[in-house]
Structures are given as structure tokens and as C-alpha cells.
Amino acid sequence: MGETIKVIELVGTSTDSWEDAAQNALNDADELLENLSGIEIESQTADIEDGQIERYKTTVHVAFALQDR
Amino acid sequence: MGETIKVIELVGTSTDSWEDAAQNALNDADELLENLSGIEIESQTADIEDGQIERYKTTVHVAFALQDR
Amino acid sequence: MGETIKVIELVGTSTDSWEDAAQNALNDADELLENLSGIEIESQTADIEDGQIERYKTTVHVAFALQDR
Amino acid sequence: MGETIKVIELVGTSTDSWEDAAQNALNDADELLENLSGIEIESQTADIEDGQIERYKTTVHVAFALQDR
Amino acid sequence: MGETIKVIELVGTSTDSWEDAAQNALNDADELLENLSGIEIESQTADIEDGQIERYKTTVHVAFALQDR
Amino acid sequence: MGETIKVIELVGTSTDSWEDAAQNALNDADELLENLSGIEIESQTADIEDGQIERYKTTVHVAFALQDR
Amino acid sequence: MGETIKVIELVGTSTDSWEDAAQNALNDADELLENLSGIEIESQTADIEDGQIERYKTTVHVAFALQDR
Amino acid sequence: MGETIKVIELVGTSTDSWEDAAQNALNDADELLENLSGIEIESQTADIEDGQIERYKTTVHVAFALQDR
Amino acid sequence: MGETIKVIELVGTSTDSWEDAAQNALNDADELLENLSGIEIESQTADIEDGQIERYKTTVHVAFALQDR
Amino acid sequence: MGETIKVIELVGTSTDSWEDAAQNALNDADELLENLSGIEIESQTADIEDGQIERYKTTVHVAFALQDR
Amino acid sequence: MGETIKVIELVGTSTDSWEDAAQNALNDADELLENLSGIEIESQTADIEDGQIERYKTTVHVAFALQDR
Amino acid sequence: MGETIKVIELVGTSTDSWEDAAQNALNDADELLENLSGIEIESQTADIEDGQIERYKTTVHVAFALQDR
């Protein structure tokens, strides 16, 4: 196996902030994957209830090194 | 595991219509994955044979909730 | 399972050229996956050390047919 | 007032199809506005429940002629 | 002559649906050209009269094999 | 009310030039709105009759300060 | 009236941060509109005075349900 | 033959202005084609000689109705 | 006829490399057209068979000067 | 030093027109740089005061040949 | 020299946050340049080590007024 | 001075290949700048004479670390 990197798309959520939503996506990715190498913010949206942001949603691309099966 | 969503790219095919091709991609995703939450159409192409559409191809993004391993 | 195709994003690397980096990504994908059907170049970057290209990096999309679990 | 056109963004919904969702957005626009002249599909998404499309959502741009206040 | 493909842009029209408008563009292309190989939907707009869609317009890219003059 | 700005999309028309079409959109916006602050050209198209430009159409984004109801 | 959603573009401002500028746009929208359902960040700019950020500006899209007139 | 429209890409040139370059492209298209219906500006560049604009170049899309062969 | 340039889209193919596929598209264009002036690479894809690239496909835009009929 | 070209981004301003704003950017570039070879319009905005365009702003890319230090 | 603005691309870095990385880019720009007028966030990435964000990287465009040499 | 990186746009040229054109841009950048860290291919065009590629042109973004004046 070479040094090939795979990139996946995740949407993290948080009730606090867009940055925290990105961190939550990273934490979950770290639970499922090894050799994480990078992250990029793709978009930042939020659900609104009664005029307030109820749930921050940050779409990220997470990169990690492929490993032999 | 938080409420993180993963988004994958699939290309559904059909001999009937672009909407049916999207539905076939969704059906196959539903066989392999759980907690599907959303779908988005990315592009719609088709192969042509003798001046007729032979195979409709619809590229979609499918979202589903990540689960603990 | 229909004829649904899945598309993933890989970043191949090489010390020789961008085309070789794409080939390395394809080789690694072929080790992990079956029924590869297509590849598309998304971007071509490189790391530089002392004014010379040290590592070519080619981001590709690789397509393969989904199979029953 | 010249022949200036205004363009607004709407998201139509339907339980039947993406085309029906676009039509519903148009119908609602026609209730609120006059002199509608054109419509363009921007994106097509859907919410999924138990592996099935529950709600088709079509984002459209609707154009209509501005009128004197 | 190699296996070079040419891609042209057409706008099909229909009073019935966006899919029918795409099919009409394909039919007309098939009258004028040979060796059609593929079609891709680029955009979907429509003219509106009295709050109703009067003319569906689908912009497509149509591909066909180049032939010796 | 903070210093929030709203941005709307207009299509100005003219028989003279694309710049005049933009100006006509601005004039009409100024009739309907207050506190206009900025304008941006999004696209420039035209209808053709007998090989001549019959109607210039300039799509613009117009920004204005939101006010208390 | 169906469940059609309208999407408008606002630019929020703040002397503190880009996130606060987005919140200010949301607060002003909530004063003028009902049934707000979502928000998306489109761009983040700022005016600079004497080398310091003087005014953060966040462009957002805000979605809300259309209501009968 | 239906009411299908074909769209081609031309680059007009002029020593006077970008608008004149677009007009020159239209004039040449009108010499070669019939049933021109629309034009859209895609980009505006220019060659520079001795610090002065020597040749304005405007890329346009020109639309015309397809006719039976 | 002015100095108007026409731009067409071709997809060249090759069993050797993406650069060779571009060259093949250019060679075929040169057989059919005169006054070729420029070429631009739009995208690079390939078909895969048994884990190996079977056919390189390079989409290019080719520019040439329009001539009197 | 080869024939390498550098491309910079400038925003020209004018009280008269967008084309004049582009020309002003070019004039200033010509004061600071040599071997200017090309210019491309990227965007056209304007500040508005009392419903009138007060300042036209044209963003351009200007190209010039790199020279030995 | 007119009121021409130049725009450059910088990538700021920080171990704390994406907003701090943007501020660091601005601080460094302010050390090298005068008359800074604006900043825009282009993208936000980060390097990851052992599942944690090690270095936040924010790409920004910084605008400043050109001055006579 | 922090670890801020600057990104500039160059167009390399070559009579041999697009990859060589990128290398020439890099070589010239290395003559004028220090601490080059990365390069990205933005576009690949070429001038054609008598049906043959006469000059390959590769637009690249080159990144380098900012230093104290």
C-alpha cells in the first residue's frame, strides 16, 4: 500500500457553535478511523427554532491514510 | 458517538427515467446502510444507443448517521 | 443489488509525476476494492523543498460497482 | 417603473416527486405575487425515513415583473 | 480519424415536462447527427404565463463521435 | 434593528446597453426601497431579433439596509 | 398555501466576530419575519482600519415558511 | 424538427470596447447562421501592448433555432 | 467576417496517457477545421478494466478562427 | 528567467463607468509594472449614495512577464 | 496613482482557532503593507495529529490601496 | 512575523509539455523567492500554430512563507 489518502464527507452537529460542530465530526471520525491527517470546512448551516439557532451543522472533509486490509 | 452524519456519492442507473435511477441508488444504499436521512441529486446523464436513451444515470449524495463500530 | 456505482475521493502521491501519483492511488484502490470502473482527476498539487518538487499529490475520484454485502 | 424583473428563491415540497415540489412552489408564489414570468430549478434534495423518500424538496428561482408601489 | 467525441449544447422545449424537453432535444440531435453516445442535463427552466408553466426548457450537452469529412 | 443589509436579485432591461439595463434596475429599486448601499453585476444577456440585439438584460444584486417594520 | 420555504440573503455586521455578525443578521430577520427554519453562511469579509478589523460582515441565507397573505 | 435551440461559444474582438467585441461576434454569427435568438457574455479579457489595451476580447454564448438539414 | 473565434468541446481518447488523448483530439480537429489557434484542458477521466486504466479520456476546448462561408 | 507570467488582482475605481474603472486599474498597474500582457474582468460592483451610483468598482486580473531581479 | 486596490492571498496559521489564524495573517500583512482596507475568508483547513487539530490554516484575501513607487 | 504563507499566480510556458511549463514557472519563482512550500495546477492551455501545439501554458498557484522585511 502506497501513501494514498482517502477523503470522506461528514456533517458534525452541535448546540454551541459551528467550530464545535466541526470538532464533533472530527472526534467521531477519530473513533472510527486511524491516521487522520487533515480536515477542511465545506459549509456551515444551522436549524432555527423560535428565532434561535437550535443546532449548528458544519460539513467537513476529513482525510486519512489508507491501510492494507 | 455524536450525531455525526456521513455523506457518500452514488450513481444510480435505470432504463426508465432519471428519477427511477435516483430511487435505485437509494434502494441499494438502504440495503448496505442504516439511518439514511437525506439524498441530493448532483447530476443526470445517460448513455445513448441508436439515437435512444439506453441507460439513465443519476449521481446522488446520500446522507446517513454514523454509528459506533 | 442494482448496478449502482460508488465514487470515493483519494489523494495519490509520487516522487515522479502527477500522472504516477494518480496511478498509485488507483493501484491502492484496486487492492482494497473490486469492480473499479472509472477514475477522474480532481486536482494536482505538490510539496516543495529547496525549490524542487518533493512530492506530487493528485486528488482523484474513483468509481466502482456496489456489491451485495 | 421600467420592465425590471425580481428573482426570489423558494423551496417547494411534495410527497410525490421533485417536479411536483417545483409546481407547489410555483403555485404558492402565484398566490402571493403577480406577473410571474419564469422559473429555474436550482437543486433537488429529499428527506428519507426508513429507507424511503418521505419529502421531496426542490429549490427554485422564480422571476416576476416589479410593479409600482 | 481517432475516437474523438464532440459535445454540443442544445436547449429542448416541451409543453409537458422537463424530461420530455430533454427527449425533444435528443430527437432533433438524432435527426441532424450520427453516432450519438451520451447526454447530460445542464439546467432546467420554464416560461410562465398566468401562473402556469407554459414552456419547459431543458439545456443538455449531447455527445457524438466525430467522423471523417 | 442592527446594521443588517438585505440583498435582492433584479434583472434590468434596456434597448441601449447592458450598463443602461443595470441603471434601470437600480432606478426601479430606488423607487421601491430606501437606503440602497451597493450593486453587483451577476450576468449580461440579450434577446436577438433579425440578427440585432433587441433587448439588453443585466442581472444585478442590489443591497440595502434593513429597517424596523 | 403549501409548505413552501422562502430563502433571502442578508449581511450581518458586528464589531466582535464573524459568528456574532451572523447572529445579528438572524436577530434582525426574526424581528421582521416568522417561521424562520434555517440559516447558511455564504461568505465572511471584514473592513479594516489602521491594520485592525473594524467591522466583521457575514453574508447568510435565511429560510422561513411562506404564509397566506 | 421541434423548437430546439443550439448554443455555441464565440470570442469577438475589437479595438474599441468589450461591448463592441460582443457586437462583432454577433455580426459574424448572423452572417453564418439564421434564427439567432439570444446572446450571453461569458468573459471579458484584453491583450495589452505598451501599457494600453490593444485588443478587447469578449467570449459570448449565442443561441439559434435548429433547422431541418 | 471579423476576427471572431469559435470554441468547441471535444473529448480525445488514448490508451497511453491523458496528454496523448488531448493530442488526438487536436489531430482530429485539425483534420476537420482550419485556423486552429488554441486548446484548453477541461477534464481528465479514464475507463478502468481489471484494475488498470484501459482508456484515457481528456475533454478539451479547441479554438479556431471563423471564416466566411 | 523563462517566459513566466505573473497574474495579480486589482480593483479599479471610477465615478464614470465600469469600463473606466478597469482602465484606471490598468493605468496604475502600468505605473508600477513593466511588460503588461493581458487583463481580465473578474467582477463589477458599485457603491450607491442617495439612489445613485457613486463609485464604480471593477475587479481585474492583470498579467505581466516576470523579470530577473 | 488613482484609488486602485490590490488583493493578495495569504494563509494564516494558529494552534488555537480558524479566526485566530485569519487574525495572524492580517497581523503579518499589516507588518509588510500599508493602507489595508479589507479581508475575506476563502477557506478553512487544519492539520491533524493523533486525532487532534494541530494547526488551524485559514486562507484569506487581503485588500490594500496601491501607492506610488 | 508568524508562519503566514503567501500564494501567487504564475503562468509557466514550455515548448515540450504542460508538466514542463509548470516546472519552468516553479524554477522562475525559485529565482525570485525563498521558502517555497507548495504548488497547485490551476489550468492548462496551449497556443496552436499550423495544427500543432506551439507553446504549452500552465497556470499555477505557488505558496511561500512570508519573511520579515
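For clarity, chains are labelled A, B, C, D, E, F, G, H, I, J, K and L in written order, and residue numbers in each chain start from 1.
Please note the rule applied: a contact is a pair of C-beta atoms (placed from the backbone, for glycine too) under 8 Å apart; a residue touches a chain by one contact, two chains touch by 3 or more.
Chain labels with UniProt names: A, B, C, D, E, F, G, H, I, J, K, L = Dodecin.
As the structure is a prediction and not an experimental result, all values here were calculated from the model.
Undergrad: Sharing over half of the contact pairs with E-I by residue number is what counts; pick that pair out of J-L, D-E or B-E.
TA: J-L
Undergrad: Counting in whole Å, what is the centre-to-centre distance of chain E (Dodecin) and chain F (Dodecin), each centre being its mean C-alpha position?
TA: Whole-Å distance between the two chain centres: 31.
Undergrad: Indicate the whole-number Å distance between the mean C-alpha point of chain A (Dodecin) and the mean C-alpha point of chain K (Dodecin).
TA: Here the centre of chain K (Dodecin) sits 24 Å away from the centre of chain A (Dodecin).
Undergrad: Quick one: chain D (Dodecin) and chain F (Dodecin), Cα centre-to-centre, how many Å?
TA: The answer is 22 Å.
Undergrad: Mind checking the centre-to-centre distance between chain D (Dodecin) and chain I (Dodecin)? Centres are C-alpha means, answer in whole Å.
TA: Inter-chain centre distance comes to 39 Å.
Undergrad: Give me the residue numbers in chain L (Dodecin) that touch at least two other chains, ranges are fine.
TA: Correct list: 8, 27.
Undergrad: Which pairs of chains touch each other in this structure?
TA: A-B, A-C, A-G, A-K, B-C, B-D, B-E, C-I, C-L, D-E, D-F, D-G, E-H, E-I, F-G, F-H, F-J, G-K, H-I, H-J, I-L, J-K, J-L, K-L
Undergrad: In their complex, what parts of chain I (Dodecin) are in touch with chain E (Dodecin)?
TA: 8-13, 24-25, 27-29, 31-32, 59
Undergrad: Tell me, which parts of chain H (Dodecin) touch chain J (Dodecin) in their complex?
TA: Touching chain J (Dodecin): residues 17-18, 43-48, 51, 53 of chain H (Dodecin).
Undergrad: Residue numbers of chain D (Dodecin) touching chain F (Dodecin) in their complex, please.
TA: Touch list, chain D (Dodecin) to chain F (Dodecin): 1-8, 61, 63, 66, 68-69.
Undergrad: Mind listing the chain K (Dodecin) positions that touch chain G (Dodecin) in their complex?
TA: Per the stated touch rule, the residues are 19, 23, 26-27, 30, 36-41.
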